[in-house]
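Common to both upcoming complexes is chain A, partnered first by chain B, then by chain C.
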Partner chain A sequence: MRILEAQYKYLKVLGIGFKHSIEYRADFVLGLLSCFFPIVIQYYLWTAIFTHSGTNSVFGYTYNQMLIYAVLAALVTKLVSTDFEGEVTNDVRMGGLSKYLVQPISYFFYRIYRFAGEKLLHAMIVFILIMGFLFFYQVNNHITITLSQTLLFVLVIMLALMLKFLISYAVSVIAFWIHECNGLFLAINVITVIISGGIFPIDIFGDTAVSISKSLPFYYLTYFPVNVLNGKVGFDDIYAGVVIQLIWIVIFMLFIKWLWRIGMKRYIASGG
Partner chain B sequence: MAIIQVNNLCKSFNYYKKEAGLKNSLKNLFYRKTLVKEAVKNISFEIEEGEIVGFLGPNGAGKTTTLKMLSGILYPTSGDATVMGYVPWERKKKFKRKFSIVMGQKSQLWWDLPANESLHLNKHIYEISNKDYHTSMEELAELLDVKDLLNVQVRRLSLGERMKMELIASLLHRPKVIFLDEPTIGLDIISQKKIRKFMKYYNEQTKTTIILTSHYMNDIEDLCKRSLIINQGSIVFDGEIKKVNELFEQKKIIKLQLEDYVEKDVLGGFGTVKQYDGYNVLLEVDKRELKECSKAILDDLPVIDFNVEDIPIEEGIELLYKKKGSVDRIVEKAY
Partner chain C sequence: MDLLRNIKRYLILYWIFVKNCVISQMEYRINFYISCLIQLAFMGIKVTYVIVLYNAGVAINGVTPDQMMIFIGTYSALSGVFVSLFLINFSSLSHQIRTGELDMLIVKPVSLQFMATLRRIDLGFALVSVTTGGAMIIIGWMRAGIAVNFINVAVFIGFTIWGIFLTYSVFLIPNIFAFWIISTRGLSQVVNQMWDFNNMPMIIYTNIIRTIGLFVIPIFVITNFGAMFILDMMNPWLILWGILAPIVFFFISRSFWNFAVKRYCSASS
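This part shows the complex of A and B:
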């Protein structure tokens, strides 16, 4: 009974996150629009490159494969995006964190459930967009989607979300040391998107780039899930990838725990 | 055993000094001098179960910092403390379920939610059973007279109404110890009175231990049998607030109204002149000489009105605030 009660408080937080996402739906729609502009740019970019190269394949991608990658990568990047870093920083800087420290609730779990609640609706919408896009291409015989691929994608994307949450959380804990970090977050965000393959597929940079990025967590945020979906990786590689995702999740959890413990000693609970 | 025990608690903060101007900003990029502010210096005290104790002191004296350490928000730099047998900054869940802190300037409610939803969330956070929740809610909402405000969004409540909600939120789980950090700040006199009355009643009914900080003398005089006055991080007084003046030389104030103009020098012969305009005079005299002095004044001066008063408490406290050094001596005297 006690355990159930303890879980219930976090479900309540999840509900708050969900309500929040409904309340601020215009913000989400505008955000979604913003991820279409890069797609338009990529469309013209690749059309120009392919018509002038005179070959059927560039970097081992056909024209349609490249466009499919660009669109899927943009949507997946949107799906795994996080925007709570500023809130964490504010809580640390302005002393809002104190409220969670005196109540029997964990700030980390509060953030996870709140994130999950806010993501729920958005993730479903993006997922439907992805499926709609793939269905359109399947009808045109450019790609084949199987049920097992789709299910594996759902698993991989959930782990990618978890991993992205942990990375962002670890980054926002910087607030204990640096007071003004919005610019830093922006820079980190852009770099993360690029090295996770959110704009160009990583393999166009060569085999070395792929093998290096395979050992980094970012590879598993966008590039890997997209390739699961478009069938570029085999089942064996998918399972190996899932294991690496899990390993990174554990590593980041331990890292955050350590970082938080030393950061808390610096917390000054300003204001009030 | 005392419910709250504090031994030699210290807290210092590091900070940097920066002079104004672009040149100094650039200089600061390369070299910054770290300065240390000792917010709390070697504080020790004990509080028994059921007591209401007031913390008094000027801004920046260390009252809030002390409360933050006692509620586990801040780690101390050195020293130790226990609250109900727990070390606060270990932040044990069991400990958190037994106390609460209300900060007048920092809301713990959820601004986007109506008050009752915010309270309902607290029910789950503190894992309160349905039955207990409803009884407490009924009782507290009745006592504080906010029954019809419960479904209003928190951000739309007035300051006084919000403060009452904060109190309800902090009392739902029936804490044994409550820290109130300036609970009446910014409230009008009637709201202040209501909250004071409520706290007094609540303490009498439940024997909850309360520590309260405030700038308002009324809060302290009404509620607290015992007060700790903190100045510059140290306790300079511990006892009943009315006895503050006993710390100082035993002085009395004589208030005079005179029929004719009297020179200041003449009055100086009777005691220290505190206020003077020729006809109305405040004289400070030694308590032991009060009798002779009064006699002399009445005999020698053209007195219309004559009053003997104590030095006001505020003035005594002000003297304590201003006093630097030789603090230990004063504390000894208070016991």
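This part shows the complex of A and C:
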């Protein structure tokens, strides 16, 4: 019974998150529109490079794969982006965190359910866009994307969302030490996008970079999900990748537990 | 004579703005470092484009990666200048209109446009971008083996500074719509994204995009002409347009501003 009650409580939070995302849907859609120009620029860039290189494959990608990568990476990056770090900062600075401490609700679970609720709508929008794009592409350019690839993509993207949540939650602990950290979060997020392959595939940095980044969590945020759908990663590698994703999720959970314990000691519950 | 005196007056005023902003930034040093850090992160994105070009190792329409780095370097250097000098003012314009804060500026005995669009300066962004972008330009210039003579250097710098002037007008125009639609966030987001078209030299685009980017929304003029001049890719007509465009667009933005201010009806109080 008690477990059920606990579940109910967090399902409410999930609902709040979902409603929040519906209310601010225009924000997300505008954000998606802002992917449009970078994609156009990349389209011309890759068209120019492929026409003048005289080969079929650049950085190990065919022309079609590269274009698919550019579009999918932009969409996936928008999907796995987080912006709750600022809210955590506010809670820490203004003392909003106190109300979670005195109530029978865990701040971590509150945040994760809220995040899940918000991402529900975003995930649906992005998924429909990706499928629409791939269907259109498939009809015109004779590429094939199988059902199992699509299902694996859904699994991998869910794990990627989870992992990105944990990374951002770990980063937001900085708020206990530094007061003005929104700019810092922005810088960290931009760098994360670059090294997780959100703009160009990691392959542009060379083979060594790819093999190093395979053992880092960032690889599994954008590069890996996109290439699962793109057909660049074989099935064996997909399963290995999912295992590493899970390992990183466990590592970050332990890390967060430890980090927040230290951070909490510095919390002074200022404000009303 | 009157014009000269006015110019001198506004230059002195602008220098005071710069000084004020530097003083307040030195007081809140952390913010300054954070601006630098943000710009550094965004420079990372621009550098990835250079990495793509070098590692692909392809000359596009006869332009080698070294030469392309000069274009990207100019774009990178100016993108921070754009944020430092203009964007932080433009983005607060709609706020000032919504809340009626513009009242305070209207009553001042200087040009309202000057006060509202140039008052704030955050040098952190420009500092980082000019250093890294400048390094890219110099490295590209050396590696491409372009002659370092007075004409090349002077014209390159001239076009670049003239480009900053053009940037002001081109990107102010969409923000002036704030007088009608109040919230320009969506609009200016889209327009600011257009700035990123300069991330690549304009030669990679099709003719239609090039024409639009040169004459309708002249973003390509800003960062391409300096590099195109030293690479001998300019013809006299383009040089003439490069000199004229900033003046033409300044007058457009100026008259549009004057037209729009009449719509201002002071909110609140």
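Following the convention adopted for this analysis, the second predicted complex is superposed on the first by the 267 of 272 C-alpha atoms of A that agree within 3 Å, B and C clash if a C-alpha of one lies under 4 Å from a C-alpha of the other, contacts with A are read in each partner's own complex, and residues count from 1 in each chain.
Here is the rule we go by: contacts are C-beta pairs under 8 Å (C-beta built on N, C-alpha and C of every residue); 3 or more make two chains touch, one makes a residue touch a chain.
Bear in mind the structure is a predicted one, so any value in this text is a computation, not a measurement.
With both structures placed on the common chain, the touch criterion links A:257 to neither chain B nor chain C. Of the two partner chains placed around the shared chain by superposition, chain C is the only one that A:53 touches, whereas chain B remains out of contact. By the touch criterion defined above, A:25 reaches neither chain B nor chain C. Greater residue coverage of chain A by touch, when chain B is weighed against chain C, goes to C. Those residues of chain A whose C-beta lies close enough to touch chain B in the complex are 2, 5-6, 8-9, 12-13, 16, 20, 23, 95-96, 98-99, 101-105, 264-265, 267-269, 271-272. Remark: chain B residues 13, 64, 68, 71-75, 91, 93, 96-97, 99-101, 103-106, 108, 110, 112-113, 120-122, 124-127, 181 touch chain A in the complex. Looking at the complex, you find that chain A touches chain C at residues 30, 33-34, 36-38, 40-41, 44-45, 47-49, 52-53, 58-59, 178, 180, 183-184, 186-188, 190-191, 193-194, 199-200, 204-206.
On the chain C side of its complex with chain A, the touching residues are 30-31, 34-35, 37-38, 40-42, 44-45, 48-49, 51-53, 55-56, 58-61, 186, 189-190, 193-194, 196-197, 199-200, 204-206, 209.
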